[in-house]
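Presented sequentially are two complexes of chain A, the first with chain B as partner and the second with chain C.
So, the complex of A and B:
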């Protein structure tokens, strides 16, 4: 395309391995972007999307370098520029909005100084006008009270404010191209909607081109008009947003779209089997990079690497692209089939309030009430029931979970397990029986599994602890549980580091299951996973619930996942229940304004 | 913020009081007492009793503690029976000498250590880093008395540039002290630099890998500004306490160095006091050392507060 702002041809980036062979992290990417165009770059973790984004800025992480190809931004190649020119370019004509604004702002510098710095580098304004310019930038990103804000340090701002500051800083140099690296991933959904609105406005008004990297196709489609799908370092499909989402041509795009849980659907999301190949794991010079996970693969896919072809105004890297357009979404996906009858109550929470204030002498004297993190919480979970607990950060979800698990003492109210055990006791003073009946699964399996224990040791521990079984019996139970969570028995001897994210989370779930609990507490257990893996965990939870009549308390910020998975839902805001009831009712006909705004934020 | 500082001060005072009690009890537990030590093992009868009543050693321990503490608060360290002089006079000039030596080493060594640490981190695993780290670790591993002796034999004996050992009275004028301490300062610096430099290097490497440094470079910041304004202030935060401990170590009088160079400092005085069984002097020096450690730690805390805005304010999400 002539006059394009950015053009990338056959770009490959990689590193040299121990045998000095080149290993590609990104291979033969073709991409071009005209002024004012907005492109979304979608892919799962490890597909190379951030590497590509940084390469556009002429930045390569330690060890990475360009293996081949050509990259031009306004007729120049940032990869070979002299340092001085590159410093002018970065933050000037091309600016990055980083993933985690909180950590991307220097903690020891005031906001003011960090913005002034950007202006000193990239604008011709005399320093006397910087303050005024900062005011208008903060106004541009809709931050009120700029005078006060500028004097603050980064940690004194909320996540949304930090992200807006990062956007203002990127706008300081009046860039022609904005590069965004998952800028809303750490934000609450309602904040995310505001930031996305802002970005859309800015690009529309200033005709700034934009490349938006994200794993979330919903976010991308809210701000971009073109979408590029990346898989294992290759650009597999590139096309117009609506076109691509409505009628994907590449089997991976199809799979990705099918695996996303959506609101108000009667079918379960479909997981993609297998794993994305890691760089250097296999040689894809003579085969399609997606062949191992492709349900449509033919012999030709294993013999030749597909070239990029244009199919109905789209760039697709697939041998079957021309026919694939006619394929319907994967049929035969399971219907959502929610049970309606449940037996006895497993967990009964009544008028529960929790406070983090510790008893102190001053309070005893002054008679001041402690500040309550959650207040007046009431709900029940029955056998075989999944209860979704939703709310934004700071709503008290984790506090509730901790209280039920016995890691935090309640301030008032009652908590009963099976109408038999009083859960107001902290975990250390509960009966062994009671401890065994409640199990926890954490958000991040990397942090919750001991990296120096084998899978067998991890799973054997609770069995030994609660049942004191013989070694032979333990072995048998470990085998049994691995089968139940769909993992090969050979995994017994592996270490967590040798497993993928989804497999690790399966082990974490298995560890909870071997204790034969009545209630499993799940804290955001799918949010650290890729969507295609998330779908398989959802399926696993549903099957386990049915097999063992488990009660599951599922904490999540993702309403679509809760919609698919849960029977009942409790909506929390600022430590209070705003609404609760059957998922089907609450999500289709919400009573409370807060629930409505949450639902409106779902992309 | 003010409340925070007030609390730290209060805790420092409480610690100091606790230390004074512990020091008093420890000396009390030693066999014999000051008069016995002064008059010798064989002393008995009237002379001992006279001495004890003269120095009020016949009073019960709590009373003597209160008297001692009362004197301390008025700035009176007490009297050495053995040396028959006010303790303040004995300690004063020695401590001054130690402070001069220690401060000179600190002023030279700390900026050097920070600079070297930052350079080593910036050129991590390359020539500059390997040389700096290698030499620093070598200097740290070689004991002070060998470094000192080597320096004396090279610069004092072989080249004859500098005096090999210090020959001066404890209360010599400051200028004379300064001209005498070149070699001891170099010895102390060599030992101290490695600790701080390694810490700064590690902390700087962590900071250089952080998001805000990457962001700074993608914002178009020149390298030197990125390092000086963004990375270094953050990298120094964890090193502040280590630096304070090193200064305290220097202020305590590094005995080996003082002995090798024949330097009249507090380190040698304390050993002499123990050897002479001069109870009052031991007690006073122990308390002095403790207050130095406590006040330098307090100082480090305050500096950290000053440099780290996250500790200073409670508002925001932190």
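So, the complex of A and C:
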């Protein structure tokens, strides 16, 4: 293909299983990219997007190899290049910006030396001019005071600055193609906006082509002009950004878009049922990969694998693509229906401040005040109410949650549960009743479920601990709770490692529910999940709230999720409440400048 | 996570694991039943009090005092295996417990336990062992207690390191926030997740302990003659090794085959549990 920078034809990547059969992780991907084009690669975790990105650089993870197809970058195939050429190519004409810049910068090297290293490898500049070039690179990524910055170590920079340095390093070799692997995932929303702006400017000015991998369509649509949707190792839809988002042709794209919560939406996001098939789990030679989860599937979808066809200026792999354009959003998506009346107060927090400083003799003598992580926090949660706690990292959200859970002692102020229990005590010295009434659900279910216990053991433990029920009664309650969180009873005997991310999070929620709590503390419980799964967790929380009049404290950095879910919202910045009130009021008519800037960063 | 069944299938999955495990089982079985199998009394001397090569009456020949080498080799592992196995269990129990405790509690508890361990690590343990045996005698119980104590020190470090990996996980925090007691957290949340590492380590330590026990016997501090023991047999026959190799050779083969068997089993176990010892540093 002439004129294209990168062309991929029918590329398949996979591994050989124990019976030495080839299992495809990526199958027959067609893609081409011209200079100056920006392509976003979207898909759920495990769909093969990172594998594809690495393959473009000629890198295959251990065990993976190319099963077939053709990959050309500027007329050459990185997969068969000699090692020396490949070294020049990587970081030179093609540069990768990784997910976590903090970890990709060498911690013991000053920024200056890291940039020099990149320049020495990938530019022809004489070493006398390197410093000057560094200045212009840092200027390019909009970092102020380059002279000072070059002398620093990576840990002396903020996350956003680190990511900018990583971008500057990538730009050092004046690449023709930038590969980005979720470069803003670990950043705060306001920082993310700046990095995305920067990327957009760079591509506009230098005509650098870009492939941007992300699970977040919002981020992608802010930067890219083309979007490719991947599902189970296949490219199911590829087209212009606006076309694809406004009018998706593949049912999966449609489902994915419907599952994203948006601000000021009056309907709940719709979850995609089922799970993405794992590589080698099923044979998709004679059927569509999406057939199991597709709500439009016809008999033909189970008999023939759809070829890639061109429908209204885009590539789609679906038998029904031409009809699909006319389909409306999935019918029956529930309206958001927020209760307005709540009964008694469950949690009352007054003038709370927390400090990590420990009391010490010197402090007592000098009378020096400890540094406070949060200060003057006041809010109430009533029965059946969901309170959203939003703020960027370091705003004190998690500290607050830990304090309520009794894992951190407050410095001053009062916390009362049901106007009955004083929550200033640490969890060990609280009454058993009080311990039972507050339950915590963590961000990452991989870490919060013990991998060596079965689902049944995990769920039975709180029942045994709080109620001391008989084995028979426990068994019954475990069954009940599994049904309530929409999981099959057969999961009792499974280990967490045998469940998907969404299922694990359901178990974590179920573990909190079996204690029959009055208050559930949720720490970013949807942020480790794929969007299609996130929607179902949101729905579950709303249903549980309604069924048992639970009070939920929902900590999140995702304003759209809070908008959909919460009744009240508290905006935290640097440990202080900037604004609080009903979600509908705060998010549509924010008073505080910080809330406004947060809202402006929502993509 | 792994029941006995899965551990076994894991070991049996590799050829070296099958070989190693059968070697270990052979030795353990032999130790159990050898008193009924041996052809002679272990202390009965033949009328020819001299070295004699393998013959039809004495398959592995006679030793310096005219005793049947095969008989003595078959019986020679009994005390070594029993003492070291019990000592391993002791080491695993106290070392594992202290290590997990130190890792979980942290702070002052950790400091006290680890500095105590450092002190013992600074003492050359073989010499200390000799001192203890010289003082209290070489009673099997004394041997078990001393070996178990000294080999447990390594377990403390290992268990602590493994616990530090686990203790930061949210499920430990979840248990704490539920109001679980310390022992419940140690046994339900942490122990099952460090068990695999400890298991592999105990197998390794068992083999080291066997060597140490034989070394003690070799030095004359282990088993009292005339009780047959591999280390003792090697020691007493090594002077005549140039003249008569078989009284040395057979106990040597027995001892090393058991140790190789244990090592192969431990390796297979580690591999099946994903604890590849080539990539993981065991303290």
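By our rule, the second predicted complex is superposed on the first by the 602 of 603 C-alpha atoms of A that agree within 3 Å, B and C clash if a C-alpha of one lies under 4 Å from a C-alpha of the other, contacts with A are read in each partner's own complex, and residues count from 1 in each chain.
One rule holds for everything that comes next: contacts are C-beta pairs under 8 Å (C-beta built on N, C-alpha and C of every residue); 3 or more make two chains touch, one makes a residue touch a chain.
It should be emphasised that the depicted structure is a prediction, and the values quoted were computed from it without experimental measurement.
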{"item": "Which of chain B and chain C A:428 touches, first, second, both or neither", "value": "second"}
{"item": "Partner chain(s) touched by A:442 [first = chain B, second = chain C, both, neither]", "value": "second"}
{"item": "More chain A residues in contact - chain B or chain C", "value": "B"}
{"item": "First (chain B), second (chain C), both or neither touched by A:405", "value": "second"}
{"item": "Partner chain in contact with A:451 - chain B first, chain C second, else both or neither", "value": "second"}
{"item": "Which of chain B and chain C A:167 touches, first, second, both or neither", "value": "neither"}
{"item": "Set of chain A residues, in rising order, touched by both chain B and chain C", "value": "none"}
{"item": "Residues of chain B that touch chain A when the two form their complex", "value": "210-212, 214-223, 225, 229-230, 233-234, 307-310, 313, 315-318"}
{"item": "Of all residues in chain A, those that touch chain C in their complex", "value": "405-407, 427-428, 430, 432, 435-436, 439-440, 442-444, 447-453, 461-462, 465, 495, 511, 515"}
{"item": "Residues of chain C defined as touching chain A within the complex", "value": "1, 169-171, 173-174, 176-180, 188-189, 192-193, 195"}
{"item": "Interface residues, chain A side, partner chain B - complex", "value": "54, 57, 59, 83, 86-92, 95-96, 98-100, 103-109, 117-118, 121-122, 152-153, 155-159, 169, 173"}
